[in-house]
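Scrolling down, you'll hit the structures one after another.
In what comes next, chain A is part of two complexes: it sits with chain B in the first one and with chain C in the second one.
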Partner chain A sequence: MEILLGLFYVLVFPGLLFCFAIGLLLLGIDRKIVARMQKRIGPPIIQPFYDFFKLMGKERIVPNKAAKKIYIIAPVIGLISIITIALFIPIDYFKTFFNNYADLVVIVYLLTIPSLAIIIGGASSGSPFGGVGASREVVLMLGYELPLVITLLAVGMKIGRLTNTAATFSLINIVDYQIKNGPAFLQWSLIPAALAFLMVIPCEIGSTPFDIADAETEICEGTMVEYGGILFGVYKLTQGIKIFVMISLFIAMFMSGIIPAVSSSIFVNSLVSIVWHMALVIVILFIAVSLLRATTARIRIEQAFKFYWTYPTALSLLSLVLVWAGL
Partner chain B sequence: MFDDIITKSKVKSPWLYHLNTGSCNGCDIELISILTPRYDVERFGIKLTGTPRQADIVVVTGPLTSQSKDRALKVLSQVPDPKVVVSLGSCPMSGNVFKGSYSIEAPLDRFVDVDVSVAGCPPKPEAIIDGIIKAIEILKDKRG
Partner chain C sequence: MGYTIPIGPYHSSLEEPVYAKLYTEGELIKDAEVHIGYNHRGVEKLTTQKNFIQTIALVERVCGICSHSHAFAYCLGIESITGMEVPKRGQYIRVITAELERLHSHFLWLGLAAHLIGFESVFMYAFNAREKVMDALEALSGNRVNYGMNIIGGARRDIDSGQKEKLLSMLDELHDANKTLKNIFVNDKTVAMRTKGVGIISREDAMKLGIVGPHMRASGIEYDVRANDPYSSYEDFDFKVIVHPDGDVFSRVVVRVLENDESIKIIKQALEKLPEGKINLGVKMPRVPEGEFVSRIEAPRGQLVYHIVTDGGPTNYRVSIHVPTFRNAASIPHMLKGSYVADAGLIVACIDPCFSCLDR
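Take a look at the complex of A and B:
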């Protein structure tokens, strides 16, 4: 029974099938929102599904100069690791037994793997544009990882203090505390950290002001220059699931427990919290990703790096200092 | 299993690659204008990609100068099947005002199969959209 339930988690609900659907759907919603904000009609919401299946039917080309095995395997590893993170994030009342095995540290490590897969794939494609894109992606990673890690530290330390233990990195403890005592973003010492996390989201998923690594107008899609066909589809899918995972992580850390338990049965509570979670994901997608994408243009790599090591880092450090001072 | 979905999706999501073979930039500006909010071809699922590896429709502008001929043909051969080639403007059709010049290899269909030709110097955005919709019809019947 345990095994069957585990298989269901991995393959259907927070796992493969659900991630496939929600990742592509969120990409579509993002494109539609941006189109409406620019007074366009825009593509249908299921457009990314068409794109994905079309890419499945395209000819598969592996360039001669590429390191073939790495070139093929890199996007798949990125997809697997991002789906693994989706299993580890609790959705309010909905918890799987995977949540007990993983904490924020594991999630931080796993979050670097899709970016690393993009870097390795781009560098192995044998194209100079791929090399340029890979180097830019490395710089971006250095930029956003610092505020992200400090933000997670601040939240872990705050919840740890409030529950009279040392700093806790277990997501399940953080979510349980919020369900009992209200969402963490109401703790005013965590508000700067929440803002810093919101600023990290667009860079982590590579949307417009920070899509420097795959800038199609200047370096021909950068790391993705030689990728076409299903491998590029897998990369787009990874990007979509990354949107879901990053926003879910934000909600789990800062905005859990807004709706109270509606009934005594865990199943009904889980269903309600999943529906609420999806609505919240779309709202935060609008604030953190689409609004920014519709109103800004791409910035240069050193501007992005400078931005991340000043404002979000300062905000998250402020939060950490406030928490450390016991506020 | 996925054949039906793939055939349907091919029509719904044609991605453009814009190949300039020595154009005067007139057709290029008109091509970009169809992606702007006024004409918005993204409602057909059309997107401009930066690399030929992801393209379904290649839009060629310019009179195919001798310098760019080899490179243009190389880029066209990098596009995975199924693909459709659209020539945009009078230049790749006939050479336009440059016809007879020593540095022009003009009609593009001497070297590759051109599926749709849009005439004009430059063509109107409406004509370009019409040409691309015709290209999508051709793309439907092509096999990868």
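Take a look at the complex of A and C:
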């Protein structure tokens, strides 16, 4: 029974099948919202599904100059690691036994793997555009990892203080505390950290103004320039799931426990919290991704790096200092 | 890490083929070369085999965006060789078409500039405005791309009062659209981050390189053929020559946005002051004596020069076309040196290149 349940979690919800659906769906919703803001009708919301299935049927071409094995395996590793993170993030009352195995440190490690996969895949493609894209992705990672880690540290420390333990990095503890005592963003010392996290989201998922590593009009999709067919589809899918994972992580860290338990049954509570979670994901997608994408131009790599090491880093450090000072 | 990055011959930031070779170190461009000639069609040779009416149709197809300018400059040349005096109404209709074409070209470029810096919303807004200009041109000439408004001795189609009202109301819409674009380009912070200080050409360098048009006026040189050497009754209209001193991509954007306003102003004046009378001289096939003339006009991209030589026969002896892009393309390597790879596409595109004009 335990094994069957585990398989269900891994393959259906919140694993492979669900991630596949929600990732592509969020990409479609994002495209539709932006289209409406640009006075366009936009593609149907399920357009990314059409694209993905079309890409599955396309020929897979590996360039002569590419390091073949790495080139093929990099996007797949990225996809696997991002789906793994989805298993580790609790959704309010919905928890799987995977949640007990992983804490924030593991999630931070796993979050870097899709970016690393992009870097390795782009660099192995043997194209100068891929090389430039990879070097840009490295710089971006250096930029946004710092505020991200400090933010997670601040939240862990705050929840740890409140529960009279040392800093806690268990997401289960963080979510449970919020379910009992209200969401973490109401703790005013964590508000700067929440803002910093929101600023990290568009860069982590590579949307304008931070779509620098795969800038279409500058370096022809950069790291993805040589990819085609199912491998490109896998990359797009990874990007979609990354949106879901990053926003889910944000909700788990700051906005859990907004709706109270509606019944004593865990199943009903889980169901309600999942529906609520999806609604929140779309709202945050609009605020943190679509709105920004429709109203900004792509900035340069050194400007992005400077931005991340000033504002978000300062905000998250402010939170950390406030928490450390016991506020 | 040194890469040699090719921008072109086919690149997503270019609509037409040109090849800029970038020698980079990391994100910095150490050296750059520009190779042209991917779009050669032999138009100049063909003009020597066509008669004067056929040549109008031919030169109109040199460029898809400034098609009227080419036919305009050619007709001005032939009219001067034969000594024709175009009726005022015909001159005004030519000016209206030329200014609508300038609006079309500038909106197109503003959209592309926004697209190149990744600002897709503004791209959509600019192309929305451009669509309105194309509708206006269709209302005026019946065509959306090659307008066919020129004939030797004047304009081919008249404007009636219904068209006039329609054009005036369209111009009001365009004015509002341009106001929105102006607001975004001048005030948006990310646009400033991407365009200020990029691709700088100082006033002295602009003089040395011999660049023309809005590209030159953005480097602080106040020169416009419409104002300095008026042709086709431009002296009747009240407009400003827009100049911006900074010489970077941002000032080129500002110059073009403000020139849109001036163009709208000129069209309004021309429509309101439209004189009565004939629109052309009614010449079917002109008898052109032996002669030579250099006609120059202000095309949307800058000064367009037609050197026309006739030998008294039924065809042109020589038509030499000097397009603005040829002059401006010389400034691309100058701008690319020492800038970032991220800006390379924008820098190549910021001269508003037209390679079908350039290669003819």
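As a working rule, the second predicted complex is superposed on the first by the 327 of 327 C-alpha atoms of A that agree within 3 Å, B and C clash if a C-alpha of one lies under 4 Å from a C-alpha of the other, contacts with A are read in each partner's own complex, and residues count from 1 in each chain.
The rule is short, and it goes like this: a contact is a pair of C-beta atoms (placed from the backbone, for glycine too) under 8 Å apart; a residue touches a chain by one contact, two chains touch by 3 or more.
Please read all numbers here as calculations on a predicted model, not as lab measurements.
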item: Partner chain in contact with A:I287 - chain B first, chain C second, else both or neither; value: neither
item: Partner chain in contact with A:G229 - chain B first, chain C second, else both or neither; value: first
item: Which of chain B and chain C A:R40 touches, first, second, both or neither; value: both
item: Touching partner for A:G57 - first (chain B), second (chain C), both, neither; value: first
item: Touched partner set for A:C220, first chain B, second chain C, both or neither; value: both
item: First, second, both or neither for A:V275, with chain B first and chain C second; value: neither
item: Partner chain(s) touched by A:I299 [first = chain B, second = chain C, both, neither]; value: second
item: Touched partner set for A:L5, first chain B, second chain C, both or neither; value: neither
item: Shared chain A contacts, counted only where both chain B and chain C touch the same residue; value: 38-40, 129, 215-217, 219-220
item: Chain A-facing residues of chain B, complex; value: 2, 5-10, 12-13, 37, 40, 42-45, 48-51, 53-54, 56, 78, 80-82, 144
item: Chain B partner contacts - residues on chain A that touch it in the complex; value: 31, 35, 38-44, 47, 49-61, 129, 215-217, 219-221, 224-229, 232
item: Residues of chain A that touch chain C when the two form their complex; value: 34, 37-40, 128-129, 131-132, 135-136, 208-209, 211-212, 215-220, 293-303
item: Residues on chain C engaged by chain A in the complex (per definition of touch); value: 1, 3-6, 11-13, 24, 26-27, 114-122, 124-125, 128, 188, 190-191, 193-194, 340-345
